[in-house]
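To start, the structure itself, in structure tokens.
Here the chain labels run A, B and C in written order, and each chain numbers its own residues starting at 1.
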Amino acid sequence: MMSWQRMDRSDLPAAISVLQEKWDVFAPVKRGTDIRIRQQPTDGKIFLGQTKPLLPLKMLFLPEVEDLFSFTIKGSTSDIIPAEPLTRERVVFGVLGCDIAALEILDHVFLGEPVDGSYNKRREQTTLIAIACTGDGAECFCTSLGINPLEPVGADVLFADVGNGYFFKALSQKGKRMTETLRAFLKKPSEKELTDLSALVPGTRGDISVDRVPKDSDRLWNLPIWEDLARRCLGCGVCTVICPTCHCFDLEDERRGSSGKRFRSWDSCMNTSFTKMASGENPRPTKRERIRQRFLHKLSYYPIKHGLVACVGCGRCSARCPVGIGIDEIIVELAEMEG
Amino acid sequence: MKEPLLVPVPAKIESIRTLTKDTLLFKVTEMNGNSTFIYNPGQFMELSVFGVGESPISITSAPTRPGFLEFAIREVGSVTGALHNLEAGDIIGIRGPFGNGFPIEEMKGKNIFFIAGGIGLAPLRGLINYMLDNRKEFGEIDILYGARTPELLCFSDEFETWKKAPRTHLHLTVDTESPGWNGHIGLVPVLLKELALPPEDRIAIACGPPVMIKFTLAVLTAMGYPGERIMTTLELKMKCGVGKCGRCNIGSTFVCTDGPVFRFSELKELPQEY
Amino acid sequence: MEDLLRKLANEFLQRPDAECFIGYEEGPNGSVRPAFIRRPEDIHRLVWNQKCYPNLTAYLPDFPKQKRVIGITVKGCDARALRELIRAHQVERHSVYVVGLPCTGLKTPGEDRIAERCFGCVFPEAFQYDAALGPMKTPDGLARTEYETLDNLSNKERREFWKLEFEKCIRCDACRKICYACFCPECILDSTQPRWLSRRQNLGEKLFFHSVRALHLVGRCIGCGECERACPAGVRLMLLNRYLQKQLEDLFGYRGAGILEDAPPLLTFLRDDPDPFTGGFE
């Protein structure tokens, strides 16, 4: 079970069809420069390169928009029907180690008491096939966070694209179930191929010294860095949308006549009115407080509660921020405070 | 906690009573006319107006009086505004109870000093009535309550009952002279100083507008009350009520799960954001 | 030129009423990002090159109105934005010290050719800079000969095109926040009472967001393309904005926001307007 198996590249479409008999299959699809995880079949080829999809894997566990329940209220009768999160099991193909590591961070929040049933069901019913990744550009620093992109913890199956074959290695029971389903396509790799596989080395930055960031938010509270960042920051919130560990959400109702729904949707602590109360008071009235909250949450508050830093070093924030703010630079600056 | 998370149960408004010009008291039961919710004083519920949204409201009834829940709701925004437009018989949703509630075990045998301003009495009223329903378990009870004007005093119909209860004292005040008012005149922290209740064996619980809390805390501290025995309830914008939506945190503390009841000593340790 | 820039910034910061100097500095991964310089010892960070994309005037409305002066570097397009901001009372002219950057075109990010956004560049006319690193005039060689248009597509094809385009949108608000013209303290699209726009991620909501924004920008868009650069999903916002600008040119002869002192056509009422603006639908 725990060894590599080989598939001919040309067999991939047929293999996906076989998987679709049991699972809904999701995979990254490239359209122009836009890479997103989409349910198969869809317009566009499956993309199994090592490029991070724009929206991270969290979208499949905490969807951008998720119905919670529908309601019908008529006079003195009411009908509240909880939404069904998933109807079928899923296989997600071609995810990267950073996004998988982010799920562990989200698990602490959503699987801690009280358990979020929808998130839990999605986790239980999803098999993750991770690409053995050597890095996706200068922004990557997952190895600084202790993540091994070549064999990320939490992956059910490992996948590699080496030479002229595709390679699969089951890492868990769920993964084994998947590779068993594909056994008609899988053979033993050659010695050379096995050597090539073991020669993969991650090329990400391992020197971002997260451990040296003081966890004590008292020491970090009044630093001038928050003021500096706040001046440059636009408050647009792109960082929170594309960050694999950001999970803040909002609840919203919609109603027509006597029926309607409540849904939750991604929200951002960078919004001006994120913490604004109906009375008008806002404990985070300016960008300075909000940007401090964002980074202290990831580097101090979350680690205090759950024992690990809420960042996976994917570098999406620094790559996409229109004004060049990235958590790696902030970690380095905060770590330097320690001397 | 009822599953699925984030889905309310339907509830009926039994009655609505006016407390002050902008605050109404809602009596709520489940659809069968009863209430099976088990809760502690100091906890809150998320009330839904289906189609408008949810609002976290502290429970103002006492769990010793079962069969219904009571909420004192002031109109400030879209959901509370929508609640104010409802009538008895209308259906709302409730989720909860959430929050830590008051540490009642610790309060047994002690003297309790309630200090409230305006609608701040609402989260404390449940605890007051709970204690009066279990009178023998608690020491002297002092209730210091003030509002801007006599018309803004909430739950005035219960004042006589409180005054008459054994070893229970009610001290009322309004901010300024008002026609027909013969009681004390002055801000709550002023009367607090005058009462000079000693801190020994006494727990102070303060709830009201931030500026009142600020001065009350200063007076209590100067009188020698230790931070562990001064409590308050915090109010922040909340959505999920279960510590997942990421909104109501102060540092690594979530007001919805670690609060809303906090000791002053705990608040001092938190980042000074609030 | 960077030496002159730093000299000017240094002189500016010596003024007792100087608040700060906004310019450009190097950012991560070879990028350029906005810099807010307050101390002379930081002036060496200032740069001026063909990667200086952001429109720094977008930051100005956030500074509280005060007597202190903000130094700012502006390219031609940025200066047009500044003129519009002053006309819209978001910035007072005497509260900014304007240093002109004689831009002759920015590079396409990551490539060695002039950026698409720079074609059709027009500098503002008769704009009074406080200082400049060179002559502030419309550069040669960047004339636009034609607008990219979808006129050759049928309505159905156009609908399909925009459906695909806006489906990419992730409702992140980067386009709105980076745009100089989006300075409303509370955007109507964020309003909760009434709630015009929900957080649903369906095409309808996305179309509504972008249509409203595009219409609010008509006549005010300077064509800087920052919205498209900021968009992480690569939505072709400039296609829409430029098309609307072309309509204004054809209908009113309006060359673009901030080129002249005149207000944009949709914000202007003339006494001889053929529409009487009275009554309802006649």
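FYI, contacts are C-beta pairs under 8 Å (C-beta built on N, C-alpha and C of every residue); 3 or more make two chains touch, one makes a residue touch a chain.
Keep in mind it's a predicted model, so treat the numbers as computed, not measured.
Enquirer: Going by CA means, which chain is nearest the middle of everything shown?
Expert: The chain sitting closest to the overall C-alpha centre is A.
Enquirer: Of all chains present, which has the mean Cα position farthest from that of chain A?
Expert: B
Enquirer: Which two chains have the most contacts between them?
Expert: Answer by contact count: the chains A-B.
Enquirer: Find the geometric centre of each of chain B and chain C from their Cα atoms only, then give the gap between the two centres in Å, rounded to an integer.
Expert: Inter-chain centre distance comes to 50 Å.
Enquirer: What is the distance in Å between the mean C-alpha positions of chain A and chain C?
Expert: 33
Enquirer: Centroid from C-alpha atoms only, then distance chain A to chain B, rounded to Å. What do you get?
Expert: Centres of chain A and chain B (C-alpha means) sit 40 Å apart.
Enquirer: Mind pulling the residue numbers of chain A that touch at least two other chains?
Expert: Expected reply: 250, 252, 254, 267.
Enquirer: I need the residues of chain B touching at least two other chains; which ones are they?
Expert: Chain B, residues with two or more chain partners: 78.
Enquirer: Two-or-more-chain contact residues of chain C, please, as numbers and ranges.
Expert: none
Enquirer: Which bits of chain A are touching chain C when the two form their complex?
Expert: So the residues of chain A in touch with chain C come to 32-34, 54-55, 64-65, 138-139, 228, 231-232, 234-238, 241-242, 250, 252, 254, 263, 265-267, 273, 318-320, 322-326, 328-329.
Enquirer: Considering only the defined contacts, which chain A positions touch chain B in the complex?
Expert: 68-69, 71, 73, 76-78, 80, 82, 109-110, 112, 114-118, 217-218, 221, 247-255, 260, 262, 264, 267, 269, 274-279, 283-284, 289, 293, 296-297, 300-302, 304-305
Enquirer: Tell me, which parts of chain C touch chain A in their complex?
Expert: Residue positions touching the partner: 27-29, 31-36, 54, 58-59, 168, 170-174, 176-178, 190, 198-201, 226, 229-230, 232-234.
Enquirer: Across the complex, what residues on chain B touch chain A?
Expert: Touching chain A from chain B are residues 1, 3-10, 12, 31, 48, 50-55, 76-80, 89, 91, 93, 235-237, 239-240, 242-252, 271-274.
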